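Have a look at the structure that comes next, please.
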Amino acid sequence: MLTDVILIVLFPLIGVVINGLLGSRLKKASGFIGTAAIGLSWAFALKVLVAVMGGATLNENVYEWIAAGTFRASVGFQVDALSAIMITMVTTVSFFIHIYSFGYMRGDRGFSRFYTYLNLFVFSMLVLVLANNYLLMFVGWEGVGLCSYLLIGFWYERKSASDAGKKAFIVNRIGDFGFLLGIFLMVHTLGTVQFAEVFGRAPGVLSTGAATAIALLLFVGACGKSAQFPLYVWLPDAMEGPTPVSSLIHAATMVTAGVYMVARSNVLYSMAPTAGAVVAWVGVFTALLAASIALVNTDIKRVLAYSTVSQLGYMFIGVGVGAYTAGIFHLFTHAFFKGLMFLAAGSVMHAMSDELDMRKMGGLMGKMKITGWTFLIGTLAIAGIPPLSGFWSKDEILAGVYHSHVPGHTVIWALGVIGAVMTSFYMFRLIFMTFFGAPRDPHLHDHAHESPANMTVPLVVLAAGSLLAGAVAGYPIGNGWINHFLGSVLGHTSHGDGLSGGVLIAISVLAGVAGFVVALTMHRSGSLGVASGNPLYRLLAHKWYVDEIYRALVIRPIHGVALGLWHVFDTIVLDGIVNGLGYLVKGISWISSRFQTGNAPVYALWMTLGVVVMLYLVTSP
Amino acid sequence: MAVPTSYYVILSAILFAIGVAGVLTRRNAIVIFMCIELMLNAVNLSFVAFARHLGHGDGQVFVFFVMAVAAAEVAVGLAIIIALFRNRQTVDVGEVNLLKW
Amino acid sequence: MAYAIESLIKIVVVLGGIMGTVAYLSLAERRISAFIQNRLGPNRVGPFGLLQPMADGLKFLFKEDVIPRHVSRVIYIAGPAAVFVPAFIGFAVVPFGDTLSLFGRTIQLQVADLNIGILYILAVSSLAVYGVVLGGWASNNKYALLGGIRASAQMISYELSLGLSLIGVLMITGSLRLNDVVTAQATHSLFGFLPRWNVFTQPLAFVIFTVASFAETNRLPFDLPETEQELVAGYHAEYSSMKFTMFMMAEYAHIITASAVIATLFFGGWHCPGIAPSDTTLAASLLKVLAFSIKTGFFLFFYIWMRWTLPRFRYDQVMRLGWKMLLPLALANVFVTGLILTLSR
Amino acid sequence: MEAFFFFLLAAIAVVSAILLVLFRNPVYSALSLVTTFFCLAGFFVLLDAYFLAAVQVIVYAGAIMVLFLFVIMLLNLGHPDAVEPGVTRYRRTSVILLAVMLLAEVGLMGARRLGAPAPEEGALFTENIPYIGRLLYTDYLFPFEVASLILLVALIGVVVLVKRQPEADGGPSAAETGTQEPA
């Protein structure tokens, strides 16, 4: 088992080394190598999953990394139901995205560089989910952050791309800083970062306040990585990267790291109800905020990006209210349908000469059957239409919220249902504007064509996943396979009074249908994608002016302070000290250079004098 | 009658001091070099004396190493002196003050 | 006390023996040279010219002892002595026979049975150069100085090969004591019929050692320090009379010691095939001494023979031979010997 | 017996060491140093270090000092009129003062508590050479290898230092310096 786990992590790393060192020689072969590395990793991940389903677990240190006093940090791996689900999801999605990239990135100058980064990303992500301590997890965390930055700015010649990369990196740093502080606090209070020890000691040692502080600091990190309010602003911009990257990193895997981390730390969050409530409220707020922006956005990838932010909000609602299984379940299904939709969007872009504006699309269904149908499956899944996968997981979250004891849980539930309506609406809006109706730009439409097989096959596979994964794993709701499987790690969700399960299901299905109906009506009337002078519309179109607010509240003041520091502190104080030191050294060396006669015997004389003096000091008692 | 070890040590110190005086007073690089050899040998003497005093071979092994290193040092040092002589036609260290810059 | 007297007697005997051999070696050299060149050589003084060495000695003794005015007097006088002494004391550790039972005493036929005998020989041979170098320098004569410089460089170069070639012998014997070296050669045999002399087990070492000892004794083809044609007479150009004689005698003594050492190290010393090493009867002991003398005598002849067989090397050839041929070969010999010893253990 | 030889050798060693410093002619200095080295070899014999005594003679007297003489003669520094100028009086005074102080300090430090040596038994005295050899190849194997490396480096370094650069036209220079490889 340990060997398998090490191999899972090692294969992508080998791919990185080969592609990184020899990439420029390998050219196209680097794609094969990268894909093969992930394929092998995938195979072993499935093997591990089967083993874990058989009840096996693993928690073993491979190498002692840091030993300082009583503090120990090791390179070690932990495999249980949670990490098994995660590695299966990560390797599966990334394997198909590697295949897809083969067609999508064909002919790009940075082909082997792309695969190097992609493999590095998979490596880091696997380290993140397999780590058995927070510090190693942080290594993976930073690794995926780095890869995200590199891949967003992959086409670095484009200023917008490199700016977006920097934005993602800087925003993530804020979150990472919180995460680090959380780890420090953990080390300070518990003296360890090993999951097993932390969760074992925490109930006995930590006060509720300390637990809350740690949990909130960790959540700051999760906010950054998983694009929650107020740190979500980087994710829409991250769409500057290649579409497979958006699909893999910014929809399916990396952005879910925060959810995974919160679920992994469930013991801490259970000890700190306040922190859980904060998580849930931030989640629902983000879900609604992002969904509302998605309502009016016309960029196909950005709509998907806001949708991702919104869905991540749902996951946080789940883990925030203690329905960890539901959160991870949604994470799992979301990886399939959102990965699928991004890839399908990439396929559309491919067909439309990299056009992203939905207002120029339409009527593509006839030309791109596979893309269209798979996209539709993804849409149905995310809208929560049974029996597609999104229905099962989203419903489980909403049920979990309704039955939880978080303050205002019914309000969160209601807002969640409203969010579901909005989700359904913007997704169907996207479908209608892209695939149905009359072509708005005949020229583009004429050149549209279906993508090659290596791009459509992953679509079909992921569509199958979106179609079936939920029902297979989640039926019956609240008592499905996944509940039992993850229950060993995350505990079982309790069910309380109130509306019965059937009613809740009916309400969430209705929400999905309602969104569809609204979208269909507007499509019929031709008012989809048309700008309106409505102030609310303008507010949404400008994304609630969040970027502008940040600019005014954060960037401007920092810029001003920096300018002041430069003109006052740096030029006068620092330069003064540095120059003063220079003059001081110059003066001293002028004096000491008088001794520097260049005459070796004189040097020897001084040396001997020194020896004599030292010997005197030694010999005199 | 065995000679006390301290006699050897004092003799070694005398030779060493003579060597130091030679290094400091002479200006001929070769003679200075020879005085350095004298100092090394003075130390060797005390090594061997201590080896006997302690009844242990480490001191003698050290002398062996000193000799090996001294041989290397002499070869390099004399090569430097030859190179110096070729460039400046002198081995007077008083006239060699390139160390100043 | 008895030990001191015994040692004294041995020293007198050995010194006398060497002096006598030196005297007649000079005659032998002249006669053999003449023979090789198909002429007669000195044959008028005494029967077969056997009194010629006495006549030569007397002549040198009565010549005027000229000390040129431009020389460094002290070192000029010390030079011949400095070359004379090492040539003789090297013989002290050579066992010229096994034990001799006489008057109820067992006498070791060796002046000093040092446990560092081989090292002693190396040490003494490395000192021989001083007389040459100092004599050459003190003469204050360009040719003499050049001879001295050549001698010093040549000595240092060949001493390395000389010492390294002995390492193989040392590894086989496992002792630095020359008596042990001889005993090891005498007590075993190779393939049942060959005596286990080191010349058979260490042929390469023998060749290297012999060549290097030619260079150490400044004999042709390595007589660069005194080449008549190039440097007039090299380091002893300014010497005359008895001082010159001392240089000559030292050279012959050096040859004798070198021959004795070669015989001891590589040809079994006093070991005579057919006589058991344990046989300590008087006759056997004397036979052993005879065997040693014959072996040494052969190498004395070999020295003279080579003189008329090989031309003199050019100086750069001497250096190249020493550093680029003998030294690597000696190292290789050490390596191969070690390998074989390890494998056969 | 040991005491007699000790004082005899010590007297010779000190006198010749002083002469080494005082002689104006480097050849005489070198000869004084050779004398000192012989005395030291004698001390090594007195101290039961026979192996080192032999090595002392081979290495120092037989090789190092010959090398010194070689260089002195090669550069013709031993010429009687190549005497060096003396040093200033205050410099000489300070040096002598320093030397005496050093001597006093080292001597005091060394002689403080050292009585008669340990009884002469054990491997060091009975089988000196195999003992040293075993030490060299077991406890001191690594320094031994390093020492051989140092010698190799010195060898190469000396060749590089002293070898004249071949002339630019590259014509006869190689033959002159004797560096030409055999064809």
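Which chain is which? They are A, B, C and D, in the order written, and residues in each are numbered from 1.
Please note the rule applied: a residue touches a chain if its C-beta (ideal position, glycine included) is under 8 Å from a C-beta of that chain, and two chains touch if they have at least 3 such contacts.
Computed from a predicted model, the values in this text were never measured in an experiment.
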| item | value |
| --- | --- |
| Of A-B and B-D, pair with higher C-beta contact tally | B-D |
| Averaged-CA centre spacing for the pair chain C and chain A, given as whole angstrom | 89 |
| Centre distance in Å when chain B and chain C are each reduced to the mean of their C-alpha atoms | 33 |
| Approximate Å spacing (C-alpha centroids) for the pair chain B, chain D | 6 |
| Whole-Å gap between the CA centroids of chain A and chain B | 70 |
| Multi-chain contact residues (two or more partners), chain A | 605, 608 |
| Junction residues of chain C - those touching two or more other chains | none |
| For chain B, residues contacting two or more additional chains | 20, 24, 27 |
| All touching chain pairs, where touch follows the definition stated at the start | A-B, A-D, B-D, C-D |
| Chain D-touching residues of chain C, taken from the complex the two chains share | 72, 75, 114-116, 119-120, 122-123, 126-127, 129-130, 133-134, 137, 140, 145, 148-149, 152-153, 155-156, 159, 163, 176, 316, 319-320 |
| Residues of chain D defined as touching chain A within the complex | 91, 94-95, 98, 101-102, 105-106, 108-109 |
| Complex interface listing, chain D residues touching chain B | 1-3, 6, 10, 13-14, 17-18, 20-21, 26, 29-30, 33, 36-37, 40, 43-44, 46-49, 51-52, 55-56, 59-60, 63-64, 67-68, 71-72, 74-75, 77, 84-85, 87, 91-92, 95-96, 98-100, 102-103, 106-107, 110-112, 114-125, 128, 131-132, 135-136, 139-140, 143-144, 147-148, 150-151, 153-155, 157-158, 161-162 |
| Chain C-facing residues of chain D, complex | 27-28, 31, 34, 50-51, 53-55, 57-58, 61-63, 66-67, 69-70, 73-74, 76, 78, 80, 129, 178, 182 |
| Of all residues in chain A, those that touch chain B in their complex | 596-601, 603-605, 608 |
